[in-house]
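Some structures are shown below for you to check.
Look for subunit A in each of the two complexes below; its partner is subunit B in the first and subunit C in the second.
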Partner chain A sequence: MSEHIASPKLYIGIFLALMICTAATVWAAYINLGQYNIVIALAIATLKATLVVLFFMHAKYSPGRTQLVIFCAVFWLGIMLALTLSDYTTRHELTQQQAQPAALVARRVAP
Partner chain B sequence: MSTNAQTISPHTMPETDYLNASYGIKSWLLTTDHKRIALLYLFSVTFFFFVGGIFATMIRIHLLTPGGYLVTPETYNKLFTMHGVAMIFFFLIPSIPAVLGNFLIPIMIGAKDLAFPKLNLLSWYIYLIGGGFVLYSFSTGGLDTGWTFYTPLSSVYSNSAVTAAVIGIFINGFSSILTGLNFVVTIHTMRAPGMTWFRLPLFVWSHYATSLIFILGTPVIAITLLLVALERVFHLGFFNPALGGDPILFQHLFWFYSHPAVYIMILPAMGVISEIIPTFARRPIFGYSFIAGSSIAIAVIGFLVWAHHMFLTGESLYAAIAFSLMSYLVAIPSAVKVFNWTSTLYKGSIALDTPMLYAMGFIGLFLIGGLTGLFLACLGLDIHLHDTYFVIAHFHYIMVGGAVMGYLGGLHFWWPKISGRMYPEFLARAAAIILFIGFNLTFFPQFLLGYMGMPRRYHSYPPELQVLNVMSTAGASILALGYLLPIIYLVWSYKYGRVAGPNPWPATGLEWKTQSPPLTENFDVTPVVDWEPYDFEHRPDLALEPGVGGLLPAHGDD
Partner chain C sequence: MHRTGELYGQFETLEQQKDTATLGMWVFLVTEVLFFGGMFMTYTINRHAYSAAFGVGGNTLDLKLGGGNTVVLIMSSLTMAMAVWSAQVGKKQLITLFLILTLLLGGVFLGVKAIEYKQKYDHHLIPGQSFDITFCSNHPAPCGISAEDAAKEKTEIAEAFEKDPNLNSHAQLYFSLYFGMTGLHALHMIIGAGLLLWLIKEAVAKRFGPGYNTPVDITGLYWHFVDIVWIYLFPLLYLIDRHN
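Up next, the complex of A and B:
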């Protein structure tokens, strides 16, 4: 099995990209984007993690089966986040409905 | 090599096998033989089974009377918590995979060992370290949060030894992950020539599915319980609203693993049943590929249903509807299995030997457990049944009626392979029947109690519910006898049982083509598989017809 050997130039490039992303995180922290603060921070963090996995952990040059394992793990994380968020993002709609049930209940129990 | 019948005579014990290949405590504690590690696990999980069993006994004795005079309410909380933790994390989850899976998977696929033998031994030591932490927690104040560790009780208010327990379960998680990893790699890379994916025994398919859950789910529970410890010790705000956390987030993360954990317990048992039924019905399994596929389907769909445990937490109604529907979906692959097992029995030549009694018991009890699960997945009905004894009865039908019956069925089925000797059949059948009766007497009244409104985890109950509670406790004492019997006669048979020979049933799998107990390397030669799974018709080597064929060892390419 032949191993892919990446050039030092590539590693330095990725390292610099990670440094720039870190600076961007710090920079973004000083700007108030309201509810998008967390989105920006997570987006930059995800980009950095992707670079590390692809290049430093050699996922880009790994056999298909290894890539499949990584994909499955990320996909499963996606399931966990998406279905958990399905509760958090729609929970307020329930509370809004609960605010007005008096009329509904009155109508239901009326003889 | 000469392949003659004398090499694996059915009447005498082999001269050399994995049990007598080396002697001394070191040869066991430093072994990398998957079969010896399986036995180490067998002793360990049996120990935790009895620890959990003692707590269960005390719970049932306490509930004999409505007022509950045996222990204080605080101690009662600790009893049901420690019962749950010992049974779920240290018995049910590792029992079939780590004992039977470890012992059988390499032999079933024609390999000499698992892919990572040292990692296999490491996983046992990790299990012991995790178990040590939990026992320390049990003996230094106990644990009173419920096995679910719901926050903020576990992270803020509980005065019991929560930190040690969650660290123990965190550590133990790595044991599961390593076992799962080992199984996946072994099944992918170490199958014998001719052992194609669709010739794999269904036991192996079910363990493959279980391993996926181990790998994908266990890290989540491990990190979640670590977060509880961090919040408890360092007051970091993950789940405590006062610190900016969210207690419902804990439940999401906890059940993301802990619901699939139910399938970790039941899938391997289903694998056992899929081996026992064709053997004792003397017929090829009906719908092999559907049973194999349904194991994977259960593992995958099992990850999409967790929030049905949270219908009454105030979670989103829309999310609840989605989770309810997806929970119903799990019934489909489960039903595929049950229908296929019963179809296998049709026109079969059925022998009601002990493993088959357990398999029959499994089908009936799993059916009741599974169908009552549908009651609980129903949004409206769950409001009435949530956190009542109906839930307790439901999951005990799955976990004890299903997983433990499967485990005991498997232990009896492969005991001749593990020990080389037969257990006493009459006693074993009696124990299986006693277990079935005791189990139903213990847990069926709990369905009624729950429906009548008796909440779980309460140390007292209204006097009108006493009759059903007394029935349940009486059943538990019968159940206890049913568990003690196999321990006694299996230990006895290890020394005095009739010599089993390589294939006493006879069954079709590769594990029955080697001597009992097997060699350390499992086979003399790497076997070549040239038969279809569960095929009794074209197997003269099984000697099913008088005078035809004989008990031949696996043939190989050297």
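Up next, the complex of A and C:
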């Protein structure tokens, strides 16, 4: 197994793709898509990061154990983000009725 | 003693030795992913909780400088990848050239970052006693913006104050995270620049080639990782609320 050498043409192609993605993310930011703006921005950033990892960082041509280490990083980051957000994004202020048990009691007494 | 790629006793082949070094660098980068991940997590939670203040804060950033810096940093990743390629195919002079280009582009990035920090200082946007999110909308002249833009900014800030009466405090939270995250990123760039200086010295001495290029390769991994951090910082800090 000898070292894989990627061609400069490939690197320049990846660079151009990254430039196009950068322009696209700035362009998309000015369109009002409500809460989907953040989704699109992060999707484009993830696409760019994937290109950098696969080609500039040679992950595509790395041994399986190196790829496993990269996968672990992403997986554990995912656990941290998903579990923390599942808590923070589902917290809501109590409404007055929920906050005052007496109101609940009163409602139950007089249906 | 200079290390020029001799085989150490614990390895069977040079290739195994190089794979091990690369794997070690990746393991370090995993810890970096989780380290920066914690900061991104903090940012996301606070942005979710104080979206009005974070929107106003993000829109005060200079998109031309931030976008330009994104281009500069991705370009430096390209020159770094080319330096690794030059080493792999044994073009010894090109290695030095591409490493110097990478260092220069990194320097441009840090210079622009310094200009941005100075701007934030002039605009009273450093968290602390003199922090005032309304400063530029009230004093357009020292901020170098037109009266028209100032009026627009004033309405935007007034609307945000209606959504969040503690806008000034929560905007400070945004700027604390802005300086914390970009500062940590810049620190990584400075460390990267130090590594590049050392690589340039070694490359001038013609120590790298097809047989031995591990230092160029794994410094490249580090440099690209720092690039990826910026790829996420740019949209999260600069672009989040531009559509308003």
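In this section, the second predicted complex is superposed on the first by the 91 of 111 C-alpha atoms of A that agree within 3 Å, B and C clash if a C-alpha of one lies under 4 Å from a C-alpha of the other, contacts with A are read in each partner's own complex, and residues count from 1 in each chain.
The definition used in the following text is that contacts are C-beta pairs under 8 Å (C-beta built on N, C-alpha and C of every residue); 3 or more make two chains touch, one makes a residue touch a chain.
These numbers come from a predicted model, not from an experiment.
K.L.:
Which holds for A:54: it touches subunit B only (first), subunit C only (second), both, or neither?
P.N.:
neither
K.L.:
So which one touches more of the residues on subunit A, subunit B or subunit C?
P.N.:
Looking at subunit B versus subunit C, the one contacting more residues of subunit A is C.
K.L.:
Just checking: does A:72 make contact with subunit B only, subunit C only, both, or neither of them? Give me first, second, both or neither.
P.N.:
The answer is both, since A:72 touches subunit B and subunit C.
K.L.:
Between subunit B and subunit C, whom does A:83 touch in the aligned arrangement: first, second, both, or neither?
P.N.:
first
K.L.:
If we overlay the two complexes on their shared chain A, which of subunit B and subunit C does A:93 touch? Say first, second, both or neither.
P.N.:
First partner only.
K.L.:
One more residue to check, A:17. First (subunit B), second (subunit C), both or neither?
P.N.:
neither
K.L.:
Looking at the overlay, what does A:25 touch: subunit B (first), subunit C (second), both, or neither?
P.N.:
Only subunit C is touched by A:25; subunit B is not.
K.L.:
Can you list the residues of subunit A that meet both subunit B and subunit C?
P.N.:
72-73, 76, 80, 84, 88-89
K.L.:
Please give the residue numbers of subunit C that touch subunit A in the complex, ascending.
P.N.:
Listed in rising order, the residues of subunit C that touch subunit A are 15, 18-19, 22-23, 26-27, 29-30, 33-34, 37-38, 40-41, 44-45, 48-49, 63, 67, 70-71, 74-75, 77-78, 80-82, 85, 88-89, 220-221, 224-225, 227-228, 231-232, 234-236, 239-240, 242-244.
K.L.:
In the complex formed with subunit B, which residues of subunit A make contact?
P.N.:
Spelled out, the residues of subunit A in touch with subunit B are 72-73, 76, 79-80, 83-84, 86-91, 93-94, 97.
K.L.:
In their complex, what parts of subunit B are in touch with subunit A?
P.N.:
216, 220, 248-249, 252-253, 256, 303-304, 306-307, 314-319, 322-323
K.L.:
For subunit A, which residues are in contact with subunit C within the complex?
P.N.:
By the definition above, subunit A touches subunit C via 1-3, 5-8, 11-12, 14-15, 18-19, 22, 25-26, 29-33, 37-38, 41-42, 44-45, 48-49, 52-53, 55-57, 62-63, 65-66, 69-70, 72-74, 76-77, 80-81, 84-85, 88-89.
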